[in-house]
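Each structure below is given as structure tokens.
What follows is chain A paired twice: with chain B in the first complex and chain C in the second.
Take a look at the complex of A and B:
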């Protein structure tokens, strides 16, 4: 196993005007560290609007120009500068976007699937390959000539996945691949993703759906207010959640209807008012003095990476 | 011809008939309410006896009730009879035909030129949003958009005709020659400046609109995805954004038919170009009721045709509209 992609201390912020001329820094991702191996799916789990998609955009180098980025992203140990990102995207790194909105409404599916072909000579080869991939996903030849508005949700999803495979990627970043699909289609999508992993692809699966994350991934990174608070093996999401060490993660797991349906009081603060110290301390049942004024660093406890001063033990 | 096309044509035809009817009736009523008196307009201040005047009033039907007048106007209209022009003393339809052709050449040329240049400038500006090209195009558009077209016409006249002397100052043919004797070159030379003016003015809205539309398209999810797949630069715009921008730009340009008409009236006046606009002004000033009504009607037809063409164009450019047919058939 080699590390395909390593992200270290990645922060993304936007400056925005607030109350007239007062300028403010809006941090959407803070101090994010994680990595992906080949043959692995890392799920990045966070609530809606928690800047998860921006993580994908940062890796691909397609963030809006007003975004401020710090930290480092490495591909096979090589620092990814803008040049390398441009070389890798659509080549070694593929992106599966959220919805049919990511397809051009005025372009036939086939034209979009094959992408921009620089050399006309390759065209035939690429079209043949596109057909093969479409066949794999049971997309008939009729689909080639369709426009995105004619696709069903499940078909659109398959088309989007197919586009990601055309260039034999090593890494796939999938951004919310399941919402809006019926159960059958979700299952199929999950199977498709797992199949890709088994072929050796390393995948970052960005989602807010904890069930999708549990069913597909090998490890799960949990985001809270743009901070990674825990990266743990997916198999720890089982039983009573006793192997989940961060209080937020464990209450998240125990809040599922399938487990204990336990409700935790309080709500997530807004990004404009990220609390000082640990971002979670306001709602945390295990807060100690440090949590109020110091940000816990990421550290390893029993093979789990965690950002907490006072993590839960297995017995708690 | 399938059902959808038939339905489209039928609806458009009904629409057209109702529109023409409404325009015919309301413009007639408006003129009736105006202080224009056809007898005075005819006499042009000549002195006549009250008896003679009474005969004339009877001839023109001045004292008939409004409904009878409208009915007479409509039934004549249906027979294709628009009446005689008071100033030109020939059938209105002939005046309009001749003048409209001259205007049509002017408008069509500037419509095409402004459309192409405007769209091009908009694309270039939108692609380089925030850059110096963008700022330059925006400056041009703001200046042109806020300046009245007759003023632009005057400026152009001063530069090219008075100072540089490259083009004649006005008239479609030189003074002293019959319009039928004018060579095509003379005619063209007099077409250049009005066309230039209308084009310069027409570029502004279409360029601004195209620019904003392209900026919107470029911030859409599908462009983001295309970029994530390694597309960039001109190929990205050409492949993914051009068609999506062209569609709304086309609509705007066809809707501009109406404004083009308005602009032409002023510009023709400035350049003494004998088109429909200048004729409309003359008809208004000299109380030529029949000619004025005829021009109103023809303008309505013109604008209607513009909008209909936009609808038809949409059908060819937007697959979503075209493909809906297959649903209708089922």
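Take a look at the complex of A and C:
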């Protein structure tokens, strides 16, 4: 196992006008640190509209120009600057976007899957490969000549996955691959992702659906208001959740209808109102004095990475 | 009291019905779960029952009386995306008082904070907005709540909070709930009965 991608202290913010010409900084991701190995799926779990997709865009270097980014992203130990990002994206790092809307509506499926090729000689090889991969996903030759609007949701998902595979990527970033699909298509998509992992690909799976995360991933990183609060082994999402150390993670798990449907008071504030200190302290049952003033650093406790001054133990 | 939808048929395009001869009955003291695949027409049924779509065939009655198609509809729909149901140029107190002014006690039950009243919809999170849209729907004239995937976009903690307070309030005030979702596990926890959409839609 080697570290394919390391992200360290990545922050993304936008400046926003709020009163006349007054501006304020809107932080969407703060101090994000995580890494992905080969043969591994890391799920990034956060609530909807929390800007998780921006993480994918930051790795690929396709953030809008008014975004402010700090921190570092390393690919196999090498710092990724804009040049390297451009070189890697679409080759070693592939992206499976959220929806069919990411396909060009005026282009046939095959044409946009293979993209622009300079050399005529290469073209044949690539077309052959595209056919091979499409066959693996049961996409018949008819699909090649279709326009995106003719595809069903499940088929479009397969087209997006197989397009991402065309250049033998080492890392795949999948952004919400399951919503909008019926149960069977979800299962199939999940199987496809796990298969890719077994072939050695390292994957970042961005999702808001805790069930998808549990079923596919090896580790789960939980985001709260743009902060990573815990990175834990997926196996810990089991039983009574006694191995989950952060209070928020444990309530998330115990609130699942399949487990206890347990009620926890408090609610997640909006991004304009991120509290000082630990972002979760207002709702936390285990808050201590420090939580109000100081942001806890990420640290390791029993193999779990956690951002908390007073984590839960197994007996709690 | 019962809300009865009898033999409802509806089509967006000629000769392509999406709902056919659907009958469903919602008692005022129960939560009925309606489960089905995406794109099967669950939301269309919700809109028909709560008066958003009018050119359907069949009847919708409450206590054997036809629902009046004008005025306040006693069956109120709560949508999946609260942000799309609010005027972005209205502050939250105006959004809420368009329907009614709930007593402070009720605001507390649903976790609405006083400080939110002077904010714009864009300044609240999805979970916070959904609390407003639920409370807005609980106007005293409301007899039934049609909840169309109201917690799909929310994290599990918020999901529990919202259903807990909604069901508690409705049971106390004899308001029936039709809970629509594709999440089987959720419906098994919250609903008294589960109806499969494909069983009642006689396409």
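By definition in this document, the second predicted complex is superposed on the first by the 316 of 316 C-alpha atoms of A that agree within 3 Å, B and C clash if a C-alpha of one lies under 4 Å from a C-alpha of the other, contacts with A are read in each partner's own complex, and residues count from 1 in each chain.
Following the convention adopted for this analysis, contacts are C-beta pairs under 8 Å (C-beta built on N, C-alpha and C of every residue); 3 or more make two chains touch, one makes a residue touch a chain.
Since we're looking at a predicted model, the values are computed, not measured.
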| item | value |
| --- | --- |
| Which of chain B and chain C A:194 touches, first, second, both or neither | neither |
| First (chain B), second (chain C), both or neither touched by A:210 | second |
| First, second, both or neither for A:89, with chain B first and chain C second | first |
| Touched partner set for A:268, first chain B, second chain C, both or neither | second |
| Contacts of A:258 with chain B and chain C, given as first, second, both or neither | second |
| Touching partner for A:99 - first (chain B), second (chain C), both, neither | first |
| Which superposed partner A:295 touches (first chain B, second chain C, both, neither) | neither |
| Chain B versus chain C as contact partner of A:163, first or second or both or neither | first |
| Interfacial residue positions of chain C with respect to chain A in the complex | 37-39, 111, 123-128, 131, 153-161, 164, 182-183, 185-186, 188-190 |
| Residue numbers on chain A that touch chain C, as the complex places them | 47-49, 180-183, 208, 210, 248, 251-253, 255-258, 261-265, 267-273 |
| Interfacial residue positions of chain A with respect to chain B in the complex | 57, 60, 62, 86, 89-91, 94-95, 97-99, 101-108, 115-116, 147, 149-150, 163 |
| Interfacial residue positions of chain B with respect to chain A in the complex | 220-222, 224-232, 235-236, 239-240, 243-244, 247, 318-320, 323 |
